[in-house]
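In what follows, subunit A forms one complex with subunit B and a second complex with subunit C.
Right after this comes the complex of A and B.
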């Protein structure tokens, strides 16, 4: 069973990115269990985890949210590539936070980026998926932690 | 302690020996100086007496020479002058001898007397000052004065010749006496120097011995210190001493540095050590405890038993820039001194792995127990009932997840979820308890506790719901396990040689007096209604056992419950039955005292009415007291004192349908959360029904639920 501290590490990694990159912290909504197919947004940054836990952790955000985030970061390039880079960076921050807190217990992959609302997310059998809404300004993204 | 005392004694002895050496040397020097001074004076006096001894002969010679010169009429002035000088010198030297106190006064007196006897003959000689000769052309001759002078010289020469030896001997005896005294003083000085040197040598040797011993001891102390350092370096626990100001001493084990990630412990306040690592409440408790340790009357064993830091959860830097939770064990021992508690020795150990292992073990044990309980529970329950419950529980938990899923950003939006969560969980728990599936009931109860705690928080955020969703996940996993086990049991039962045998025991035990009549009536109860009756009987039996009461449950008409109402009726009766068992039915003793039958009677009657159906639930317990209800409402901050006072009895009874109302202050599996009758009322209202309560204190409580025709009931999710 996933522990609260582990879940918090991923959540803190995500909210911290907003705090550092946009000087405006994100808050989290009410977490829930994923039932059926995940509701994906336009861009998804994903890391795979093996070792003590196995599965994936991903951050999926709508284009509108990423656009405002880029604007807040004084960026002028709102291209598809910029959006991909941005969710990749968030995934990278989550990964860094996990490495910091879990050390060698977790083997964490290099982040990859998926696009579209129906990307192929690898699912580990037996892993329950926790969905944590990430609210920033008027936008909402999702952090999904799917680990055994 | 002993070591340091010996060390101090040695140091005192070495210092004493050094002082003794200095004192002895000073004494030797002072006495020696005095003796030397005396010897020097004696030697000077000896020289003087030696010179004095020569004077009688010299005076005699000079007088003889003066007489000869007078005989030959030679010039006498020079010899006369020399004689006068000799006599003056004698007087001067003799006076020096006279002043000495270490000479025999009688001997001096005798010499003095002898010398005094010289004066009558010498004085006229010395007094002569004229010309002794008269010079004429024929030659020189003694003048008259010269003749007198000649006679005086002759007489003096004779006297001196006669007495010179005696005076010389007398003066020689003085010299001999002085010599003896000087020799004696020199011998004393020699002895003194000898003894002094010996003493100094002895003392120096003693000091050397002590110094060597001290050196040996210091080497031993250094070895001991090194060993202590090695121990402190190697030991896995963090050791340090606290002084009376609760500050850490100057020595600590290296493990402490590793445990706390710092090394500036010297003089650090104990409170500072734990600040930012534990909650303020824990910190305050820990500080209070430390203060208690300094109390003379506090017993160590008792103090150990109330140690609040026996297993302390702390948040520490993990060395990679992050934080991690660790468990530390603080052990305290008082170090007693002559004046009471001198220090408190603290031993800190990292018991994280032990705690986690114990937790895993406990979880494994709990899982094993709960699985066993679950199996036992399921053996006594109808698998179909369990399966129905699992369906409804899964649906309920799905609804819980749906409530969680509703978007929320503000405190109010988060808070809105809590009431729905409580109601849903309470229903599931009620059903699980009724089926004696305690492993599920306990888990739901735990989840309810979490939700209850959230209600008490001043501001809610999404973070507060993280443990709830984790617990929900765990509960769902448990339900899956139960479902799998149920399937296996069904397979087992189906495969048994006598399929009815396993089920017959619980069925025989749980059938109520009313059920055979109902079963034999023309109403033909559905299987579900039969299940409900069985389940309620089981629940009544369990509640009676749990609360130490006797309950007789009489059911009638449950076969008439329309399928659409079955779930609601079940939830309502379960809740009312639990309320009756906890609040209504009195213990047997109390019932005997009021001439009631020992077993409390609960009647549930479902029947058709003019406008649909009516469910009557009645117990012959203590009834409801409007005043008690009002007091509970004030205590739970549902009403103010004034509002409560203004309520009439009817309105006071209606309080039981208020959300959050309970007369119990402590939460248990069966009561205390204040969501029970609230759930019942909501469920009845949702079906378009009504609920009413009447009571006669000491006699009964009766709930009447009116429900519309099933076809008229609004669709309920």
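Right after this comes the complex of A and C.
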């Protein structure tokens, strides 16, 4: 089961992503234990975890935030496909970076992407889910870590 | 590897193939290499596409993602090295554990850059492999 101290890995990964890729730090709020269904944003990038840990890591963000992120990356394609690509890449990068602490047996899938505010997120029985709030410029997003 | 001189005194451009399943990452790498001594000869979104393109375009240098559908980067690296042993391969991946880097190097990769990365980190990593 995911321990609270393990969350630091994901907080650090999220911090690093915004500092480097968006060239502007995000404010990361205090993680909290998820009870019930989280409020989802327009786009959600999901990484399935297998190996020594099982579960999912997902990044959910509103279209407006992703648009500004793409602009900061000097992108000029703001299509639905680019939004999908970006949420998947953020989830992939943060999850992949977590192997620095979780090791080689923390196996990550290629990203899958869901849209809409009520996506059906797979949940592993016995997993504890934590929400890491992300505030960047005037936008809010979440990273959810749900691991056995 | 060095950029070879052409008979007319100019330098031969290094031929770069970009492999990543993210369009955004492929475009980002491509944009950073528009000027200078590197010519982008193709982009691929998985290992199978990369092998087909490598046969057609004869790249000198490949930037290689690892987590991709159909054929992942580790398998693709060894297949590319079979195809052209002198090919230089820079892995660009989010996978940050040491064992993955060692595995990629054992398959024939020459460098490893972790995502996320800055343009400067990317250009320095490429320069280390080709100049």
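Basically, the second predicted complex is superposed on the first by the 144 of 148 C-alpha atoms of A that agree within 3 Å, B and C clash if a C-alpha of one lies under 4 Å from a C-alpha of the other, contacts with A are read in each partner's own complex, and residues count from 1 in each chain.
Here is the rule we go by: a contact is a pair of C-beta atoms (placed from the backbone, for glycine too) under 8 Å apart; a residue touches a chain by one contact, two chains touch by 3 or more.
In this text the structure is predicted, and so the values were computed from the model without any measurement.
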Contacts of A:11 with subunit B and subunit C, given as first, second, both or neither: first
First, second, both or neither for A:128, with subunit B first and subunit C second: first
First, second, both or neither for A:62, with subunit B first and subunit C second: neither
Touched partner set for A:85, first subunit B, second subunit C, both or neither: second
Partner chain(s) touched by A:100 [first = subunit B, second = subunit C, both, neither]: both
Partner chain(s) touched by A:28 [first = subunit B, second = subunit C, both, neither]: first
Subunit B versus subunit C as contact partner of A:108, first or second or both or neither: second
Footprint overlap on subunit A, comparing subunit B with subunit C: 97, 99-100, 103
Residues of subunit C defined as touching subunit A within the complex: 21-25, 27-28, 31, 67-69, 93-97, 99-100, 114-118
For the subunit B and subunit A complex, residues of the former touching the latter: 318, 320-325, 398, 401, 404-409, 414, 417, 461-463, 465-470, 472-474, 476-477
Subunit B partner contacts - residues on subunit A that touch it in the complex: 1-5, 7-9, 11, 27-33, 35, 97, 99-101, 103, 128, 130-133, 135, 140
List of subunit A residues in touch with subunit C within their complex: 16-17, 20-21, 70, 73-75, 77, 81-82, 85-86, 88-89, 92-100, 102-104, 106, 108-110
